[in-house]
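Two complexes come next, and they have one chain in common, chain A, joined by chain B in the first and chain C in the second.
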Partner chain A sequence: MGIRSTHLPYDIQDCLYALVGQYVSATSPWTNWQAIRGWPESDILSAESKNYIYILDAQQAGTFGHQGGKSRNIWEVVIGFWVTRDKGGADEMAIWVGQMFDKFQNPQEIHTKQFTVTLGTTTYTNTTLTAMGIAIRDIRGPSSEMGENLKEFRREMILTLIA
Partner chain B sequence: MAVTAQMGAPEAEKLVQGKFTLGRFYRCEAEAAAPVASTNITGLQAWEFGEPDVDFSAKIFQQGGGDEHTVIERGFRWSGTLSFLKGDSWDRLAEMRGVTLGKTNNAILPLYKENDYPQFIFEGIVRQSDNNTHLGSVVIPDMILGHISWDHPLDDSLFVLPWASKRFPFLMTDGAELVYDVFTGDGSTTSFTLSSTPLTLSTATNWRLMDYDTLYYVKEKASTASTGTLQRTGYSVDGVTLTKTSAPEAGTLVQVLYAKAT
Partner chain C sequence: MMQTFVDTTKWKFKKRALEQILATKIPMLVNECSQEIMRATIQNLSGPQIKPGVTGAREIGKMPVPRRTGMLVHSVKNVSVGYGARMIYADEKVANYAKYVHNGTRKMRPRRFLGDVVRERRQAFENRWRYTLINAINKVGQ
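This part shows the complex of A and B:
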């Protein structure tokens, strides 16, 4: 297990960022998009040529434990998509939502997809979510988020995972 | 270990969910094949069984022993249910009964229990949430379908299939899977080549319901018989060679259930 118990919310975010980064670097139609870590401000979108997938930090949603020991956490992670009308608008959004379900509702695909991530000073090369100690359980959404501009659209999906 | 010892958090993969489990079965009365192909069960929602009923149970005391006693039990019968999405009822029941439901020759499926013969062997393959890492399996051999009831509420509902088995269910280690080989005797052949090398299941002499270390069971079904008969002795296994001291009669099916490494 690679994620650190002292940095769980951010290590989970880093792993998912690296995983999505792997898709946007090589897998169509993900190559039309760009991944960023954290909440994007509008000046970032206007300065780049691609629409964004943003990965927020993990929020604890529950625990499960056993007698005589520590508990493990259930986490929720928001992954959003931010698109402008001139870069595909609602149609592009629908494609992204479909792709998210296709990937994250495919346990074998999402847990064996290899990526490289650095947590602290340790780099894990060609690792997987399973190897890092992350188990995806569910995905739901999308919810609609207010954009900062009428010509922008944001939708967010929520991943449920155990780590 | 100190009484103040604290364990770490449970591993994520220990939280098992049925949606990551693959259910499949083998027809007991399959035609000769080595191996018999399994059928993945689609639409499966849940499966369960309880402790067995016993036909005979007695407490054995001895004079001078006070209340200390031994309980002996004979004639086990496990029972439980398989639950499916309602819309899968027709296809699943047909699969398990080994027929193709259709207008040409099997337009109906009776919902009563036809007989008490084993119909299929169930293998529940429990995996981590990656659907890829095997945690272990639960095997229920020789399931006998029971009388089937039906409900049809206004909202979503399940098709609940009752079953029973006279053979003991068991847990199986990760990295192992069932193999069901069926051979046809010709009256002279005494050796049969198994499709895989059997794993050692246990030391049979330690378990009164087991007869062989490497075979869960071997049965013979004569060409005129309705079901196979357990062969508690007479067979041996060396590598992939199954040998019987005397050749099964011509037309007799030799049904062998064992496990192999995945």
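This part shows the complex of A and C:
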């Protein structure tokens, strides 16, 4: 298992960021988007030329017990998408939502997709979520419209996973 | 025609007793959980007081959410929406900026004063419901 039990929330976020980063670097229509780790600050936003996907930190939502063994945790990670009207608006949002369901509701696809991630000082090359000790359980959403500006669209989905 | 019904298995009796006990336990559990969510939400919104007009204070943008007027705390409502259901929400008629604080904006990180409370306590609530109801059902069966 790659993720460190002492750094679980950060390592989970790192792995998901690396996974989404793999999609946005190679897979259409993900190549139209940019991945951001954590909350996108306004200075980062102004520097981005693409619509972006942000991956917030993992938060524990429960435990998953095994008799006689160390229990694993259920985590929730918010993944959001922020798009402006001139870069696709609601249509682009609908594509993103569809893509998220398509990828994250397909266990064979998401657990075998290879990505490279560095956790601490160790780099894992061409690893997978399964190899890192993360199992995607489900994805919910999208949330209702969250943008504060009429020319912007923002929605979030919640990823539930076991790690 | 007269009918005589003999409940040898006590099924009818137990069913009625179960209905009665669930009818009292479920609203009690809903009330307890909603009050706890309400209490924790208000705690999240009870940050340090910042005088109106002051900008650049250290507490701005942090949790617990700092207060200027206290309207956001007063906007949190806990209302019944039918049997065994309550709704907790920040009333936008009282504080129309509640969603911006909760969901974040371009210039401000989200501070999920309500969403985080539910996420943190969901499993504890589920456990409490499970044990309370199983105990109640077991008592009926004895």
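The definition used in the following text is that the second predicted complex is superposed on the first by the 155 of 163 C-alpha atoms of A that agree within 3 Å, B and C clash if a C-alpha of one lies under 4 Å from a C-alpha of the other, contacts with A are read in each partner's own complex, and residues count from 1 in each chain.
Just so it is clear, contacts are C-beta pairs under 8 Å (C-beta built on N, C-alpha and C of every residue); 3 or more make two chains touch, one makes a residue touch a chain.
Everything quoted here is computed from the prediction, not taken from an experiment.
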{"item": "Room on chain A for both chain B and chain C (clash or fit)", "value": "fit"}
{"item": "Degrees between the directions from chain A toward chain B and toward chain C, using C-alpha centres, nearest 10", "value": "90"}
{"item": "First (chain B), second (chain C), both or neither touched by A:I95", "value": "neither"}
{"item": "Contacts of A:E76 with chain B and chain C, given as first, second, both or neither", "value": "second"}
{"item": "Residue contacts with chain A in the superposition, chain B compared against chain C", "value": "B"}
{"item": "Partner chain in contact with A:A61 - chain B first, chain C second, else both or neither", "value": "second"}
{"item": "A:V24 touches, of chain B and chain C: first, second, both or neither?", "value": "neither"}
{"item": "A:A131 touches, of chain B and chain C: first, second, both or neither?", "value": "neither"}
{"item": "Partner chain(s) touched by A:L119 [first = chain B, second = chain C, both, neither]", "value": "neither"}
{"item": "Contacts of A:W39 with chain B and chain C, given as first, second, both or neither", "value": "second"}
{"item": "Minimum distance between Cα atoms of chain B and chain C in the superposition (Å)", "value": "17"}
{"item": "On chain A, positions contacted by chain B and by chain C", "value": "none"}
{"item": "Chain A-facing residues of chain C, complex", "value": "99-100, 103-107, 109-110, 116, 119-120, 122-123, 126"}
{"item": "Chain B contact footprint on chain A (complex, rising order)", "value": "64-66, 68-72, 107-108, 110-112, 129-130, 133-137, 162-163"}
{"item": "Residues on chain A engaged by chain C in the complex (per definition of touch)", "value": "39, 42, 45, 59-63, 74, 76, 146, 148-149, 154"}
{"item": "Chain B residues within the chain A interface of the complex", "value": "5-13, 15, 17, 20, 128-133"}
